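One chain, subunit A, links the two complexes that follow: it is found with subunit B in the first and with subunit C in the second.
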Partner chain A sequence: MKTTLAITPGEGWPPLSEVLEILAFRGGFNTSLVVAGTTLLGLAAGLIGVFALLRKRSLMTDALAHATLPGIGLAFLAATSLGFEGRSLPVLLAGAATSGVLGVLAIQALLRYTRLREDAAIGIVLSVFFGAGVVVLSYVQNPANVRASPAGLNHFIYGQTAALQPYDVAIMGAITLGAILATSLFLKEFALVCFNDAFAKVDGWPVSMIDLLMMALVVVVTVAGLQAVGLILVVAMLIIPPVTARLWTDRLRTLLIIAAIVGAASGYFGSVVSALLPRKPAGSVIVLTSGAIFAVSLVVAPSRGVVAGVIKRARLGLRIAGDHLLEEAHERAASSLSADTVREIARLRGWSAPIARGVCFWLSRAGFARRDSNGGIEVTERGSARGARVSRNHALWEQYLISYADVAPSHVDWSVDQVEHVLSDELIDDLERALAKRGVILPPAGTPT
Partner chain B sequence: MSAFSLSLDLFPLLAAVFAAVSCAVLGNFLVLRRLSLMGDAISHSVLPGLVIAFIITGSRNPLPMFVGAALAGIGTVVLVELIKRLGRVEPGAAMGVVFSVLFALGVLLIEQVTRGVDLDADCVLHGQLESLWWPGAPDTIAGLFTAEALHDIPRQVTTLAITCTAACAFVAIFFKELRIASFDPALATTQGFHAGVMHYALMVLVAGATVASFEAVGSILVIAMLICPAATARLLTDRLSVQVLCSVLIAIVTAVTGYFGASVAPAFFGASSVSAAGMIAVTAGALVATAALFSPRHGLIARVLRRRKLARAVALDDLLANLYRAAESDTGATPAVSTATLPARSRTVIPRAARDGLISVSDGAISLTPKGELAATEIVRRHRLWESYLVERAGLATDHVHEPAERLEHVPIAPPPGPRQDPHGRSIPQEPDSLQ
Partner chain C sequence: MSARPTNPTNPTRASAPDATLRDAPPTSALAERPEHSPQSPLAIHAMTVAYDRKPVLWDVDYDAPPNRLIAIVGPNGAGKSTLIKACLGLVPRASGQVEFWGEPYRTARARIGYVPQRESVDWDFPVSALDVVCMGRYRKIGWCRPVSRAHKHVALDCLERVGIRDFAKRQISQLSGGQQQRVFLARALAQEADLYFMDEPFAGVDAATERAIVGVLRDLRDAGKSVIVVHHDLQTVPEYFDDVILLNMRVVASGPVAQVFTTDNLHKTYGGRLTLLSEAAEAIARAEAGGA
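Moving on, here comes the complex of A and B:
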C-alpha cells in the first residue's frame, strides 16, 4: 500500500492552519485535486447507488467491481501487443467496463439458466473473474512475458488516490454531471422501475432499457472509482451512502439528495484526513468516514434509528399502561385511586415500582389525572372519559371476537387487552354497526361516572 | 523441467487441496442457505481481526491470529444481523456495509503496523502459494516419511491439514443437524437443538477455514472454493449427502488441475507460470460452467433436449388428434388429409409417425393406420373427458375448456369415464380396449 498522502512527515496532528488550508482547497494543487476528485466521486456514487439499493443490486455492484480486474489486465496486454501505450487510462477503463459488464451478464445467465440462487451466482462471478484477473496480472507482471512495464495495474485493486491527475478529476466531474443529469431527467422512469417494474411493463414503459441505463450508470461510476479508491472499496461508496440516507427518509428525492451529500462528505473528509495524517490510505478513510456516518445515523435517525425506536416503544408502553390504569378506575367507578390500589394494579399487571411511578407521571403530564400527596392519583374529567372509552373499546372488541371470530369467551380477554389501545375511530364505528346489526347488546357510550 | 518436483510443488499442492476441501465441505451449507455471500463478507472482514491479533501479540503466531479472525467472523455475522434488524436494511446491503467497512479498517490498520512485516493486503488477496516450497525435500518418495522430512512441513500446511480435518469432522458428525437446520430451522429447533447455534458454529468454521487458507492461498481462492464446488455439485445432484461428497471431489480436482494449469500450461505457450491461486479460481469457474451446460438433469443442454422431446411428442399427439377429427367430420368418404393443410409443427413429425406405423402417406395425403387410430382415439378421448370434467367439476364455461384440455390431453392421466358426450355435443370415444 503506497497510497499515502504524507504531507506532514512526522507523526501526530498537523497544525490547525494546515487543516484549514486543506479543508478550503488551498493545501497545494495536488491535494486540492485529490480532495475534489474524491468529493465528486462520492457524490456520483451516492446518487447512483440509490438505484442499485432500490433494485436490490447492492452486492451485484460488488461482483461488477471485482469483475473489472481481468479486463484491465487484458486491455493492457492487447494494447501493448498492438504497439500502443498499455497504461493509457481510457484503454484500461474500457477494458474494465467491458469485463465488468460481462460479469453482470454472467450473473444474469446463471440466474436464468441454472437453479443457482442469486447469492451463489454473485459469489461465483466475483471470485472467478477476480481469480482470472489475478492470473492475467501475474502473467503481465512477469518481464519474461511482456516487455512493457505494467507498473500501476495493481493500483486498481486498492486504488491510488494520490496519483489523481487534473485529467482524471475532469473526467470525474463530467461523470458526476452526467449522473446528476441522468437522474434528474429520468427520475420518474427510474422510480417507476425501482418500485414497481411489473406495473411499468404493463403501462408500456421500456423497462429493460431503463434498467439497462441504471446499470450503465453504475458501471460508469464503478469504473471511475477504480482508480481513486480501488475495486474493493468502490462498492462501499455505492452501498453505504444510500443505506445511510434510507435511515433518514422515505421519500425518493430526499433519499437521493441525502445519499449524494453523505457520499460527497465522506469523499471530502476522507481525502482531507488522508492528506493531513501520515499512512492513512484515502480509500480506507473515505469508507470508514461513511461507515461512521452510517453508524451514527443508525442510532439517531428520526424514524428508523435505534433511539427513536426505543423512545417510540417506551411512549407506547406508557400510554397503554396509563390507559389500563384509567380503565381500572372507570370499572371501579372511582374518581381516584389510592397509592395502595395503584400498587395492587401494578402487581397484577407486572409493572415494577419505577414503571408504576412513570405511568402516574405520564398521566398527570397528559392531564388525565392529578397525583395526590400520598402517591395515589385523582382522575380528571378527561381521564375518566378516556377510561370509559378504553373500557368500551375492550368490550366492543371482545364482543366482536366472540360473535365473528369464534373465539371462546374465556380466551378473548388477553388478546383484547392489547388491541383495545390501537382501535381507530373508524374501526369502532364499523364494530358498533356490525355488532348492532347482529343484535349484540353494546355497552353504553359516554361516561357513566 | 519436469512437471512435478517434490521440493517445489508438494507443499503448495497439499496446501491448495486442503484449503479447497475445507472450504468446499462447509460451502455446501452456505449455498443451500443462500448465505454464499456471507462467506465473501467473512473473508473480507477477518482482515481487521487478523491485524488486531497481530498488534496485540506482536507475532504471527497462528493461534491468536485464528482467534482474532474467528471473532471478526462472528462479529460480521452479528453486525449484519443487527443492522438488518435495527435499521430494517435489505440483507445484501447490510452485508455490503459491514464487510466493506471492516475491510477498510483492516487496510488502514495494516498500514499503521507493517513496517518490514510481511503482512500486507496484497498477500491477503492473492496468497503466497508458490512460496511454500520445500528446500530440504528428499530425493525419493520413500524419503518422505522419515522424521526429519516430516519435521520440515511448513506451518501453513499443518494448519490447513488440521482445519481440513476439523471441517470434514464437523460436517460428518453434525450432518443430520446441519441438514435439518438448513432446510427447516424451525423444525430443527423443535427437535431440541438450536438452529441458531448450528448457524454460528458453521460461521466460526467458515471464519476458521478462511483464516487458515488466507496466507497460503489468499481470500479470493477462499471465496471461490466456498461457493464454486458446492454450486457445481448442486447442479449435478439432488441428494445432500451426494452433493457434499461431490463437492469434495470437485474441490480436489479443481485444486490439482488449477495448480498444474498455472505452472505447466503456460509453458506450452512459452510463457512463465502464472498465479496458482488465480488459476484454481478460474478452474472452479470453468467447472461451474461445465456443470451448468452438461449436467444430466439440471444442465442447460439436457433441459433443451428434454423440452424438444416433449414438443415433438405434443406435436405428434396433435397430428394424430387432427387426423382423427378429420375422419370424424368426413363421414367416412376419404379419411386422408392433405399435408399442405397441416400446421408446420405437425408436418415435422410426419416422417416419425410414418416410421412408427401410426400413419400412412400417399401422394401428399396422410391417413391413420389402425395402430394410429387406436392412439388417436385415446388422445381425443382424454381431450373430451377433460373438457366435460372441466365444465362439470371445475365450473368452467363451455367456451373456455378447449385450451386447458388441449394441454391436459398430453398427460397420460384421464378423468374418470362416464359422460358419453363432451360439452360441445361430440361423442366421447370408448376406451380403445373396449373398441376391439
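Moving on, here comes the complex of A and C:
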C-alpha cells in the first residue's frame, strides 16, 4: 500500500491495473484481508439491521454503539491492573459488549420508570455513556496513571480498518455465518415479533426471549464492527442497507437478501476505494458508499422511488385532464373539439400550451380521441362513453353533496372535480342507492341528455 | 398513603370506599358470588387493573356463558380494550384471577384466538396478506420450521371465509382499512381457537367488511365457539350480539342483550354518575405522583 502518497489533482487516481488487482483480492495480503473483512461485516450488518429496522430499534442501535466506549477503556484498565495484556482484542470487545448492553438496559429502565419518551432516553444514554468513555480513555492515556501503553484504543471511535488481522477476519466470517444461520432458522419468529408482538405474546411465543436474541445479534455485529468502522459510524452499516433494500421490495425474504447484498457491496467497494486512495479512512468511505447506493435507489427504485412517484403523479394528472376534455365534449354534445375550444378549456383550467398538447397526445394514445391537423381533437366512441361516465359521476356526486351533506350548490364544484375521476363502481352503486332513497334518479350514462 | 384504605380490618377505613363509590357493589356481594362453572370459557374473578398505579378497571367479576357472541360496550376510556388485554396477560393485573374453562391462561391459550386493534401495527411491514394470515398457523407449525403448503392452504381458506382471497398476494399496505381488518380476522380464524377476543373489529370499516365480519361471527357461534368483541356502535348491538357487557371502569351490567341492554343500564354506563370512579382513580394517581 502506498501510504505516504499525497493526493493531488491529476495524480490522485491509481492506474486501472491496480484497481482491478485490489477488486480481485490480489492487491497484497493486507489489502485483501481488509476487503474480505469489511465485505463480511457489511453482509452480516445488512442482514441483522433488517430486524433492527422492522422492530423500530435503529436509533437504539446507535445508542448501543456509543455506549461501548467506556467498556473498552474500563476493560483495558481492568486487564492491565490484573497483569494481562490490556490491548487483547477479546478483552476489549467483551468490555465493549458489556457496556453497550448496559446502555440499552439503561434506556429500557428510563422508559419504564420515568415519563421520558424514547428519543429523549436514547439521547441521554448515548451522550452520557460516550462522555464517560472519553473521560476513561483520557485517564488511561495519561502515562502517570497507567504504565502499559494504551495505543490503539482511540481507533475504536473512528475505526481502523487497516489494522485488521487474519484472526479478526476469521471472527467476522464466523459472525456472518451465525447471522445467516440465525436469520434462516428464526425468520418466522423474528418476523412475527417485529410485526405484532402483542399477537405473538397471546399466541404463546416467548416474545422477550426472541427480542433478546435479535438484540444479541445486533450487539455482536456492532461490536464486531467497532474495529473496522468505529463506534460512531457502525450504526450506518446496520441502518442504510435495510432502508435501501426497502425501496426495492415489499417482500421480507427479498428484503433480507438485498440488504445483505447492499451491505456486502458497500463493505467491498468502500474498502477497495479506501485502499486505492490512501489517507481515506475505510470506515467513512464504506458508509459513504452505502449512502450513495441509498441515494441512487431513492431516485430510481420502482414504485417507491422519486422518479416512479413523479411518473405516477404525471400520469394521474394527464388522465384527469383528459377526462375533463372528454366530459366537456360530452356536455357540448360534440364529437370533436376544435383547436380554439381546446385552448379555451386549457385557459379555464389553467393548463399551459405544452400541457394541453400533452393531454391531447395522451388521449390519442389511449384511444379516446384522434388529433386533427390544427390541434383540435375528434372524440372516438370509447372517448365519448368515458366522457358520459365522468359527466354522470360528476352529477351523482354533486347531488349527493347537496342532498346529504347540506353543501350549498354553489360550493360543490371543486370537490366534485376531484372526486368524479376516482369513484369506484362499488361507490357509484352506493351513491345511486343513497340518492334513490331521496327520490333522485339519474339516467344511466350514454342516454342522450 | 393515608388516602388509601390499606387495612381492611380497620372498620372506619374499610367503609370508606363504599361511601365514596356509591355505584360499586357492596363488599358483601363478593362473598355471595356464585361458583364459577368450568364450562364457562372465560371467568374473571375480582380483577382490578391499573396503569402506572392509576386504576382503569375496578373489581371486575364476570362469567361468560359458552357459545355466545358477547359485546363489550362502554364510553371512551371505560377500559374495554384493557379488559381484553388484562384477560390475555398483555397488561398486568393489579389483583384478581382469570380462568378459561377452569384453567389458567398458560394451559388454555392454545384454544384462544386474538384480533388486536388494527392501528396497533405498522401496515407498511414488508409482508403479504397471506403471510399475515399464516402467522395464525405459527404455533401449530412450531419453532424454526417453514410454513408448509398445507398450512398455506388453510390460510388461503381463511382469507376466502372473509372474502378477500383474491388479495392474498398483495402487500398489506396496499389493502384498504376494511381489507386490513379482514386480514386480521382471517389470521384469528387460522388459529382455530374455541374462544376469540376481538378488539374493535368494526372500527372504521366499510359496509362490505362489516357484513363479512358479522357473517364470520355467526359462523363461529354456529360452530360452537365463543367470541368476545369490543364494540363501539350501540345501534348494532341487539342485531349482532347475544350477550353484552356494559362497562365503565367496572361491569355496570352483563347478560343477554334482551335483559341487560336497557335504557336504564345504558344511562348508568354512559351517564355522569360514574365519574366518581375516575375521580378516585385520578386522586390515587396524584397521591402516587406526590409521594414519589
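Assume the second predicted complex is superposed on the first by the 419 of 449 C-alpha atoms of A that agree within 3 Å, B and C clash if a C-alpha of one lies under 4 Å from a C-alpha of the other, contacts with A are read in each partner's own complex, and residues count from 1 in each chain.
Heads up, the rule we're going with is that a residue touches a chain if its C-beta (ideal position, glycine included) is under 8 Å from a C-beta of that chain, and two chains touch if they have at least 3 such contacts.
What you are looking at is a predicted structure, and each value in this text was computed from that prediction instead of being measured.
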{"item": "Side-by-side fit of subunit B and subunit C on subunit A, or clash", "value": "clash"}
{"item": "Contacts of A:Gly46 with subunit B and subunit C, given as first, second, both or neither", "value": "neither"}
{"item": "Partner chain(s) touched by A:Arg246 [first = subunit B, second = subunit C, both, neither]", "value": "both"}
{"item": "Contacts of A:Gly263 with subunit B and subunit C, given as first, second, both or neither", "value": "neither"}
{"item": "Which of subunit B and subunit C A:Ala191 touches, first, second, both or neither", "value": "second"}
{"item": "Touched partner set for A:Gly71, first subunit B, second subunit C, both or neither", "value": "neither"}
{"item": "Between subunit B and subunit C, more extensive residue contact with subunit A", "value": "B"}
{"item": "First, second, both or neither for A:Ile124, with subunit B first and subunit C second", "value": "first"}
{"item": "First, second, both or neither for A:Gly100, with subunit B first and subunit C second", "value": "neither"}
{"item": "Clashing subunit B stretch [against subunit C; choices 309-317, 327-335 or 417-425]", "value": "309-317"}
{"item": "Contact residues of subunit A, present in both the subunit B and the subunit C interface", "value": "56, 246"}
{"item": "Sites on subunit C touched by subunit A in the complex", "value": "85, 88-90, 109-110, 112, 114, 116, 120-122, 125-128, 131-132, 135-136, 138-139, 141, 143-147, 171, 173, 187, 191, 197, 207-208"}
{"item": "Residue numbers on subunit B that touch subunit A, as the complex places them", "value": "31, 34-37, 39-40, 44, 83, 86-90, 92-97, 100-101, 103-105, 107-108, 110-112, 120-122, 125-126, 220-221, 223-224, 226-228, 230-231, 234-235, 262, 266, 271-272, 274-275, 277-282, 284-285, 288, 292, 298, 300"}
{"item": "Parts of subunit A lying in touch with subunit B, wherever the complex brings them together", "value": "1, 4, 53, 56-59, 62, 110, 113-120, 122-124, 126-139, 142, 144-145, 154, 157-158, 232-233, 235-236, 239-240, 242-243, 246-247, 279-281, 283-288, 291, 294, 298, 301, 304, 306, 309"}
{"item": "Touch list for subunit A against partner subunit C, complex", "value": "54, 56, 185-186, 188-189, 191-192, 194-196, 198-199, 201-205, 246, 249-252, 255, 426, 430"}
